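One structure is given here, and the rest of the page talks about it.
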Amino acid sequence: MTVYMREMTWPEFAARKDDIIIIPVGSTEQHAQHLPLCTDAVIAERFAAALAKEVHGVVMPTLCYGYKSKPLSGGGPLFPGTIDLNGETVIRLAYDVLMELVRDGFHKILFMNAHFENEAFLVEAMDLVNRDTKGFATIVETNWWDPMPPDVIDRVFDEVPFPGWAFEHAAVTETSLMLYFAPELCHMDRLVDIKNAEPLPYFRYPLYKTDVPECGGLASAKSSSAERGKIIVDSVIPEVVKICKKEFAPKH
Amino acid sequence: MTVYMREMTWPEFAARKDDIIIIPVGSTEQHAQHLPLCTDAVIAERFAAALAKEVHGVVMPTLCYGYKSKPLSGGGPLFPGTIDLNGETVIRLAYDVLMELVRDGFHKILFMNAHFENEAFLVEAMDLVNRDTKGFATIVETNWWDPMPPDVIDRVFDEVPFPGWAFEHAAVTETSLMLYFAPELCHMDRLVDIKNAEPLPYFRYPLYKTDVPECGGLASAKSSSAERGKIIVDSVIPEVVKICKKEFAPKH
Amino acid sequence: MTVYMREMTWPEFAARKDDIIIIPVGSTEQHAQHLPLCTDAVIAERFAAALAKEVHGVVMPTLCYGYKSKPLSGGGPLFPGTIDLNGETVIRLAYDVLMELVRDGFHKILFMNAHFENEAFLVEAMDLVNRDTKGFATIVETNWWDPMPPDVIDRVFDEVPFPGWAFEHAAVTETSLMLYFAPELCHMDRLVDIKNAEPLPYFRYPLYKTDVPECGGLASAKSSSAERGKIIVDSVIPEVVKICKKEFAPKH
Amino acid sequence: MTVYMREMTWPEFAARKDDIIIIPVGSTEQHAQHLPLCTDAVIAERFAAALAKEVHGVVMPTLCYGYKSKPLSGGGPLFPGTIDLNGETVIRLAYDVLMELVRDGFHKILFMNAHFENEAFLVEAMDLVNRDTKGFATIVETNWWDPMPPDVIDRVFDEVPFPGWAFEHAAVTETSLMLYFAPELCHMDRLVDIKNAEPLPYFRYPLYKTDVPECGGLASAKSSSAERGKIIVDSVIPEVVKICKKEFAPKH
Amino acid sequence: MTVYMREMTWPEFAARKDDIIIIPVGSTEQHAQHLPLCTDAVIAERFAAALAKEVHGVVMPTLCYGYKSKPLSGGGPLFPGTIDLNGETVIRLAYDVLMELVRDGFHKILFMNAHFENEAFLVEAMDLVNRDTKGFATIVETNWWDPMPPDVIDRVFDEVPFPGWAFEHAAVTETSLMLYFAPELCHMDRLVDIKNAEPLPYFRYPLYKTDVPECGGLASAKSSSAERGKIIVDSVIPEVVKICKKEFAPKH
Amino acid sequence: MTVYMREMTWPEFAARKDDIIIIPVGSTEQHAQHLPLCTDAVIAERFAAALAKEVHGVVMPTLCYGYKSKPLSGGGPLFPGTIDLNGETVIRLAYDVLMELVRDGFHKILFMNAHFENEAFLVEAMDLVNRDTKGFATIVETNWWDPMPPDVIDRVFDEVPFPGWAFEHAAVTETSLMLYFAPELCHMDRLVDIKNAEPLPYFRYPLYKTDVPECGGLASAKSSSAERGKIIVDSVIPEVVKICKKEFAPKH
């Protein structure tokens, strides 16, 4: 039996009203020379599918376009192939999808986000839906990095130091996840080994080409491997299962 | 070489500035008992891919959620699994994606739409982008039914009469296309043979359950076959290629 | 007793809560060399008045400005005198008018539309009002061409062939209706006899001057006559009366 | 030759690019027991036509629906027949109409407003259009009370005292204007003689039925006459002509 | 005990649910050569505080940015230091603040406005909140000039004639109020003595530098004094107290 | 000479076109039992003033209302006194203020933010202004925690362990800053000593009262002192000065 809503007929989906509906949220965004533009979308969808298998959930069609890529967390908008939605668009898109689910009686919904910049706008949509539906549904937003147990960092960064989450764009964790999930889309031969970008404690506009290394990555992806990707998935999924158990239990 | 932008790295996509960028637009919508919720999305994406092969185009990630399903062209919103976006959301989503392409210098863009109800809102976005960018890009919206040569109807409806396009929802053409594109997602054994819905020369709210046959289809899908799906694809694609040749030639 | 709300005092209007409230929707749009810019507004208002007489309805002030004129259904925006509203504006305008009626307890409302391009945006407003008022009112949108019995085409197009509805802009049907409703505004001496425009199975931006015949019409208006206008009105009104009887009967 | 754009063909209108385009703005609003709901729309349109004759102007279709009626200037929204647009809707509607004129090269535009509550929202639209078109057109908003020479008050209020402009709703000036412009729509036999409403130096919500005299008027309309209406028109039009001469002269 | 919400802890504020919550609304706007940019904000906040003391009210943080300054009531946008919000922004800002109060159960709310141009947009927000909360709270908007007893004008304008409220921008009343409230921010030595601006019975765009006297004031501020400021405050506050007593009494 | 724009006349402000304009952004939000609702606004404004003194900058009126308080970074919306703006409102407010500055020729602008939740929406506004003004101005957003040198944490948390930034709501850093900036608004006698809240790697709606300790704080504020507040200010300001020197130097 498929976990993907898209492959279901409507009676099959209608039968799942009390199950957890998982909405993967990714982006269409440059991921350096070696990873494809769908990197965030693939990672979101595959984490969603892995979770769905554990909690008897349903995976909705992935939101493939996301909020604006920032230079120091996603490489920024100056690369062709980065397709950025405005904040209001992301809010409305997420709002409409949530409202449709709630109108049909679904009451356990989880956003599985793989593009950090989406977060504030997804949560705004959740807040608005919650108000407009008087809290009918329990709605959770999470991702694959926040629930990660702390020791996983050490296990994944056993060869190179962890550069901080902001720079994990097209770097060791994302590359490892893609090598695990979709090796056929990875071009490790094109990997450009770069010095990690320098963190900036502020945002500044206009953006400059020089804000981001020319290749598009923010930190070295050397030492990436499918095994390390598997370590991440295998350790994150149980944590998200715990979240589901806690939050989607009968209401307070 | 892939036609899918999602599988490309950003330098691969950046190299395609003068090629036709195709945006498939579908929906997540009930398609009776025998077709999956992704029917429109699959059809849009597969037509886009077939076109891309002919015109050396690039297929962007499919817009999987579309404008509201109408009872007498899509079965309406009263079935779980139909996820309807508001009109403003569709306009903004299409606007943002178009603007991002234009900002990066892409100037040949085509929406391949497979959900009729999207049309007015996609065209509104095209108009707004055209104004705001002073006509920089040529932007086309089409679908798989309007460019269809008239004789194809006769060839596809050789067993049952053509009920009119409005009722071709989960009926012979869509079912045949899905049998051709994705037979593994079709459940012909669940096909409910219904009398065609009665056309109404008006819109009325509220909607009633009785507006649409209980199964969700609007006309019988009997006599559908992969062969008929292939007839449609093989006859529509050359027509859309002609449109591309005419409209994406050097500007007037 | 007038059918026009505008000519009523508030107590007269307040007394009509259980009657059908008809909102004519037109446009301000070029209609070739021989018809005035108010063509759609006049036709909408006069059909509304004719209907009101049959069903004891009330005709609200006509929405004289409508959605964007399209080259191949209305001649397009490149002619001075075509005043196009954005999609969001049409939605909000229709929404506000409907909401005000519903707030005052009116529960039978009908849009009589005479400008095809308005349709999707009027229906969007109806959907939003229906949701926000939990289906309090029955709201119908129709026009003068969809309910037309099929034989009327033959009777009206007895001299020239029917070019299809899309091209019936400033052509035989609209010109005949204006000759019937408002002959003093028709300039048959200025009529330019043109070859019908060629239908295009797609939308394309930017628009070009050459998309539309220079005079502004899309098909020949030759053979138009007040008699043919009367045929249309006399056959359409009874059909819309039937719609009213069916839809504004006590609720399901 | 007509002054009404609606009665013109597009070439007739196109020939008027350097003339003053006048947009009447009214409302659909209760006007006590003796005046029709179109009172503001009729007054706006007739002042516009009188002005057009003097300045060789063109009168566009009247905006018949306006901003919200206030209890102490328009009687408020609690009477059926008062159809109130939201502020954003009025802004967008006025914005779109202005933008379409500017796009077509018209550069002298005047709003003739007859519903006080519209003013702030029309001016907001003017400001936005001015910014977005870099001041291409000169746009004026005026009405029939502000340019009135001070002695007219004395001549019109020779029998009853002037209650202040806020209360001149369905009172002496509006009733006199309607008796002059459209006596067939006035029902002087139904006139309810009321004590003037009491001015309030504040706005308060919610509104109460008791905020406004039961009949809907805010001040007595006794002593109204067509002659007094003519006095107003004959003295206001020359003042607005002066405004036109001053503001639509070649730019500073 | 402070009247300022900003200085309270949340339990202190929570204890005030049945008290009047006063929201001062000002602007950041040029006030000629002798008054600071915060003039309207200071006046709004100080009137609010004086009122709060009388009615045991609470003063919320002042809205320091307001709607667009108009040339003939505020000097207009052509002076650096005038920071104008768009109409929709003011509506949304006021809407959100009101909704948050209502959600927490506060039901007596008063806007104390000191920038005339804000009025229409504040009242629009009040109307929308009233609809969306079904009239839960009584919400009042007032200012310091409308409730002023008529004799105060004579007492304040004992040396120079009253130029009318529109021109009382950086003139005698505002300057006197600032001399009373915040003399340390007044620069009477820089006062430019100007001829009063000429009133215009219309709005016109574009704005010209010459619309407003070069110094930024619209009427002479000569004869301003702290004593006159005190006269205004001492006479206005009791009037607003009366409004509060009347409107915030148990509901009708 | 004041650093506060509000205290300047317009010619004084106009003379500062090439200086850095600093916009403090705070919130009106519960800050436990011992800190006032203006905590974030005071901290933002005082950091802005300290910075202005170093860089010859100008401090604009503080944006006192901010984006929604989140349970695990601000205590959440369930406490009276927390006044939350919607995301779109914050974007529009920041957008309008920035646009007004840019229109007047100011080209060095810095948001000093003291309420974490504002960040994504301020940056969205910056992005939109940057696009709409083609990068005319350099616009920076920063705060007082991101530029803090790492050793300051150790110096401030010398008695209690650092709970992580998310929980530093009404805790040691904010309390110390308020003791330094505005001791008269601190009520250390009411301080409730709580166990630190437990971090959650996700967002969930609806919110529950139990999400946040009853007092409103998220971590213990014990060991707070004015001295520690001074340490923070003295170490952060030089870092922000460095940012200004780097980013507001002549453009790249």
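Worth a mention:
The letters A, B, C, D, E and F name the chains in turn, as written, and every chain counts its residues from 1.
We adopt the following convention: a contact is a pair of C-beta atoms (placed from the backbone, for glycine too) under 8 Å apart; a residue touches a chain by one contact, two chains touch by 3 or more.
No experiment lies behind these values; they were computed from the predicted model shown.
Think of each touching pair as a link: the shortest run of links from chain B to chain E has 3 of them.
Centre-to-centre separation of chain E and chain F, using mean CA positions: 27 Å. Between the CA-based centres of chain C and chain E the separation comes to 48 Å, rounded to the whole angstrom. Separating the centre of chain C from that of chain F, both taken as means of CA atoms, is a distance of 55 Å. Shared contact sites, meaning residues of chain F that touch two or more other chains, fall at 86, 88.
In terms of inter-chain touching, the protein chains here make up one closed cycle, each touching precisely two others. Of all residues in chain A, those touching chain F in their complex are 68, 70, 86-88, 91, 117, 119-121, 123-124, 126-130, 135, 138-142, 146-148, 201-206, 208, 210, 239, 243, 247, 252. Of all residues in chain F, those touching chain E in their complex are 5-11, 13-14, 17, 28, 30-38, 41, 60-62, 64-65, 77, 79-86, 88-89, 92-93, 95-97, 100-101, 104-106, 185, 187, 190, 216.
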